[in-house]
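One chain, chain A, appears in both complexes that follow, with chain B as partner in the first and chain C in the second.
This part shows the complex of A and B:
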């Protein structure tokens, strides 16, 4: 029985178009005389924008998720990667990506477009190795990665030490010199400044959009959130994406004002953790049949959205945008370094307790009734410390369910067993199985 | 024989460490990874001891670490959860792989002995920005050690720490030189006891024994056929049972072997590179050493520099074959292994891959290693 009114999101088709155009631009970059680069969703993507307006990228994590969504295709890619000699327990996005190169097949059609260079970042053990190997498999593509493993951000450390920000900003400055060298292009600081500000805009606005999901009923369900958060992972410095988030914010705000629900029979609210098993998103629709809405997760909120955690108030709120725009290349690099080092999804790499605190704050402030943890065999980076998160969340009074799976390798997800587990968990929340 | 002392220390690490504390009244810090700057701890007269696994099955880590993480990190955490290290004054880690970080952070959360320090060791070690960053981190570490010890240190103290650790490294390298001989006077098993025992003991007590061993090796002859000369390459490894099995195959089978060199963080990645002594800035010199050492594969990018060292070892130690091994689920090594194998095979070194767990299935592994050794014996193709 519907408790709340619902309606389709008006900007849905625009989101689809933007995403398709993004992948098409990468494939067709050479037709326009442009450049292609590959790298992580967490790469400082504003930097290569200084090389010109005809520079296009593909980011490996959303690309890997796209592969995983098409299970038969993904299986081919995973097999190719295993046949080359890569272990089957490595990052599933990475294996899909390498398999794509090895099969010379672009998941969105045609041959795999070879990048001119790789521009990435490194925090989990796999990030730089991903592109080191991709560059080698593509026959020798130049690689630059920025190490962001410079320590946790306050309040998890007493202060943000200057040498830590400098380490990252200096790597960005070195990277700009490197980009000019490998492309032969002159770097345009004006284009860089614009892209960097779009990065700040989009990552700030995404957090604002997620804040709106504190409302009851929730205006967005997590399956839809996946379709929107992806823009931050594709290219957060892209102006069209930053503008789109402004539009999306207005629409979601309007839904909150009018009491429009994502799940019309919302009875219980849950949050999740880490990437979902992309080939099995139907589990979210299954939970909706029970009247359960997943309001999001630290993953969807904080993978690209920028937040600050307040230890005293146990609050988790969007990080305010810098008060003024930076003027010089050095200032831009420092701003980007400081901004991104505060990324919520970086903090658990230093201690699981930091993530537990942020997750518990989301659980309390977004009024969830339960938490579902995906023990994701496909991503060691986001599942590091997850067992301690489980213990910590239970200690703080949350109802927690865990299931094991893999975001990008369907062989490691047991659908029937997971559904059974969900049934039991939802019953434990006081819900009855729908007729 | 002095060499037997290494095995004694390895097998009785807890007895030694408890006794050391009793004898000296000093502070002892457990470290989880070789990216911890031991020089700085020695400058404070604090004893750094590495925490390795016990190679015993356990059932205490499952609630704390997701099962897809490496057996080594779980084995290490188990040591803490079972109370084996309850005499430590603190724990520390130098940022390296995220698997071992879990052992450290769970230990920190549940068993914190009152002092702990997470050192964000840079991963972009090929960047010039790494050394100043690491020096900044060392300055924070020093402040933290001041709170532990109530002491301050000078550059002379740092030079003392550098000298101690360099002596350890130089002595280990000299001992490794003997392994280049046609019939090495030291086995791979003994060499592993030698390097690992240093993790567990005060370097100032380990060094005189190691120097005595150096003298004894000059005249030592082992009554065994060395068989094929093997190199081990890969993850953390102190699996003595495996090495023992490999080096005893020749007693029962047609082919035998000796491990003559390894590329592990329990051996050469740990000690091969020294810190520059007597510079104007000893802290910077220590930072430069940890940045420039043979890297863990998680830090070996954009260029894969490990390969040069591996290939040089293969040549210098005249190896017949290499066993490429990894701890199960060890992502950094898994990402490198196809390329390590390719490079070795291109250089004419046959390779064999094995995946390690907390305990080694010695029976099945002996059959596999024996088969590998037999392929090294066969010069022509089997079906020619």
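This part shows the complex of A and C:
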């Protein structure tokens, strides 16, 4: 029974086109004499933009998720990776990515486009090895990795000390020298400045969009959020993506003003955590049949959205944009380092309690009735401490359900058992199974 | 109100017929490969046992892994809810409920009304389910009913390392070849299974009183190590623990 009006998102097709164009640009970069790079979705992608306007990237995590969404294709890639000798308990995105190289098959069609260099980031124990192996599999591609292990951001530590920011910004400055050396191109600081500001714009605006989901009814459901947050993971410094987020914000704001719901029979609100099992997003639609909307997660909000957590007020709000645009290369690198070190998804690498606090703040401020945790065997980084988060969230009065699965390996997801758990959880929230 | 609860389980199908809070009759048959036929037989025999006709039954609740095969049901009750309600019926102070069926182990935290507060299910590994003991009884060539009492005669702790029932069987065969006494092996098997279930109980918190249901509740070799590991004075088990979920379904049908 519909409680609220609903309508399709107008910018949906534009999102689809932008994503397709992004992957096509990477595949066709060489036709235009351009450069290709590969790296993590967390990488400082504004930096390689200083090499020219014909530099395109593919970021491994969203690419791995794209593979996982196509289960038969993903199975081929996973098998290829296993046959090569990579262990089955490693990061599932990584295994899909390696399998894609080994099969010489691009998930978006055609042969796998080899990169000219890799520009990545050490965020977890898998990422460095991911691109080390990818570079070897692609025949010896040069690799540069930025280490971001600089410590947690306030309020989790008293302050973000200048020397910690410098630790990261110095690596970016050194990386610029490295990029010039391996590509033979001169670095353009003007292009870099523009890209860096687009990064700030898109990551700020994404957080603003997620704030709109505090409204009841929620204007966005998490399955749709997955289709939009992805732009931050593809290339947050991309001007087209930053502009798109402005457009999306206006549309979502309009939905809130007019009371347009993502799920017209919204009765209960939940939040989730970490990457979902990409091949089984239908579980979100299943929950909607019960009248449940997933309003998002720390993962979808904070992977590419920039927020600040206020420990005293237990509030989670978008981090304000820097007041002034930086002028020099050094200033840009410092701004980027400081901005990204406050990323919520970095903080919980330092202590699970930080994540519990931020998640509980989302639960309270976005008015959720329950939390569903994915014990994601495919991602060591984002799953670390999740069982402790479960206990912490229960202690804080949340109803929590956990299920086991894998974001990128369908073999590790039990659909029937998960549906059964969801039934039990939905009923425990006071809902009745739809007829 | 007369209601019936039918549990279509992986191994057995059980029926409990109740008049409000009073159990009128119950029945259990092997499920076999035809769940619908098992439901029909179990239900008809239960009616006969209670000298009742079908039209006297006002509501039927179905639960268990085969609940969708109970076509005569008015309401489908999830297994966790059914066991929570049943535990609350038998022991009003029950707060932690353990149900070990043939293919699943479950632990649930319930409130004073028998409603679910938190739950954990192990459906990935037979080492936390009743079929584990059955498989091990076959390996030891001991009757299933003898396994528990046999375990209680042992005073030796032998660790079993295998996490998987298939490998655990290999380990048991290894112990047999090493001339380990049968009662010590039986204890090792029960201790191993109890430790899986205890870890599930710890995940929802040890909230007394603890109730064990499901057929494994009859097995003292399983109850004793749980009690020992949790360091609790008593584990509560209803007289016929295997009928718990069916009874819970009958209670929910009456709501």
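In this text, the second predicted complex is superposed on the first by the 435 of 435 C-alpha atoms of A that agree within 3 Å, B and C clash if a C-alpha of one lies under 4 Å from a C-alpha of the other, contacts with A are read in each partner's own complex, and residues count from 1 in each chain.
The criterion applied here is as follows: a contact is a pair of C-beta atoms (placed from the backbone, for glycine too) under 8 Å apart; a residue touches a chain by one contact, two chains touch by 3 or more.
Bear in mind that the values here come from a model prediction, so they are computed numbers and not experimental data.
Trainee: Output check: A:433 vs chain B and chain C. Expected answer is one of first, second, both, neither. What do you get?
Mentor: second
Trainee: Would you check which partner chain A:71 touches, where first means chain B only, second means chain C only, and both and neither mean what they say?
Mentor: A:71 sits against neither chain B nor chain C.
Trainee: Considering only touches as defined above, state whether A:364 meets chain B (first), chain C (second), both or neither.
Mentor: Neither partner.
Trainee: First (chain B), second (chain C), both or neither: which does A:353 touch?
Mentor: The answer is first: A:353 touches chain B but not chain C.
Trainee: In the overlay, answer first, second, both or neither for which of chain B and chain C A:84 touches.
Mentor: In the superposition, A:84 touches chain B alone.
Trainee: Looking only at chain A, is it chain B or chain C that touches more of its residues?
Mentor: Residues of chain A touched, chain B against chain C: more for B.
Trainee: Is A:325 touching the first partner chain B, the second partner chain C, both, or neither of them?
Mentor: Once the two structures are laid over each other on A, A:325 reaches no partner at all.
Trainee: Please work out whether A:171 is in contact with chain B alone, chain C alone, both, or neither, and reply first, second, both or neither.
Mentor: Touch partner of A:171: chain B, not chain C.
Trainee: Between chain B (first) and chain C (second), which does A:424 come into contact with in this model arrangement: first, second, both, or neither?
Mentor: Second partner only, chain C.
Trainee: Residue by residue on chain A, keep only those touching chain B in one complex and chain C in the other, then list them.
Mentor: The answer is residues 387 of chain A.
Trainee: If you look only at chain A, which of its residues touch chain C in the complex?
Mentor: Those in contact with chain C are residues 387, 394, 399-400, 404, 414, 417, 420-421, 423-424, 427-428, 433.
Trainee: In the complex of these two chains, what residues of chain A are touching chain B?
Mentor: Those residues of chain A that touch chain B are 84-87, 89-91, 122, 124-126, 128-130, 132-133, 135-136, 143-147, 149-151, 161, 163-164, 166-167, 170-171, 174, 349-353, 375, 377, 380-381, 383-388, 391.
Trainee: Enumerate the contact residues on chain C facing chain A in the complex.
Mentor: Where chain C meets chain A, its residues are 76, 78-81, 115-119, 121, 123-124, 203.
Trainee: Which residues of chain B touch chain A once you look at their complex with the stated criterion?
Mentor: It is residues 62-66, 68-69, 95, 97-99, 101-102, 105-106, 108-109, 118, 120, 122-124, 127-130, 132-133, 136-137, 140, 297-298, 301-302, 304, 328-329, 331-332, 334-339, 341 of chain B that touch chain A.
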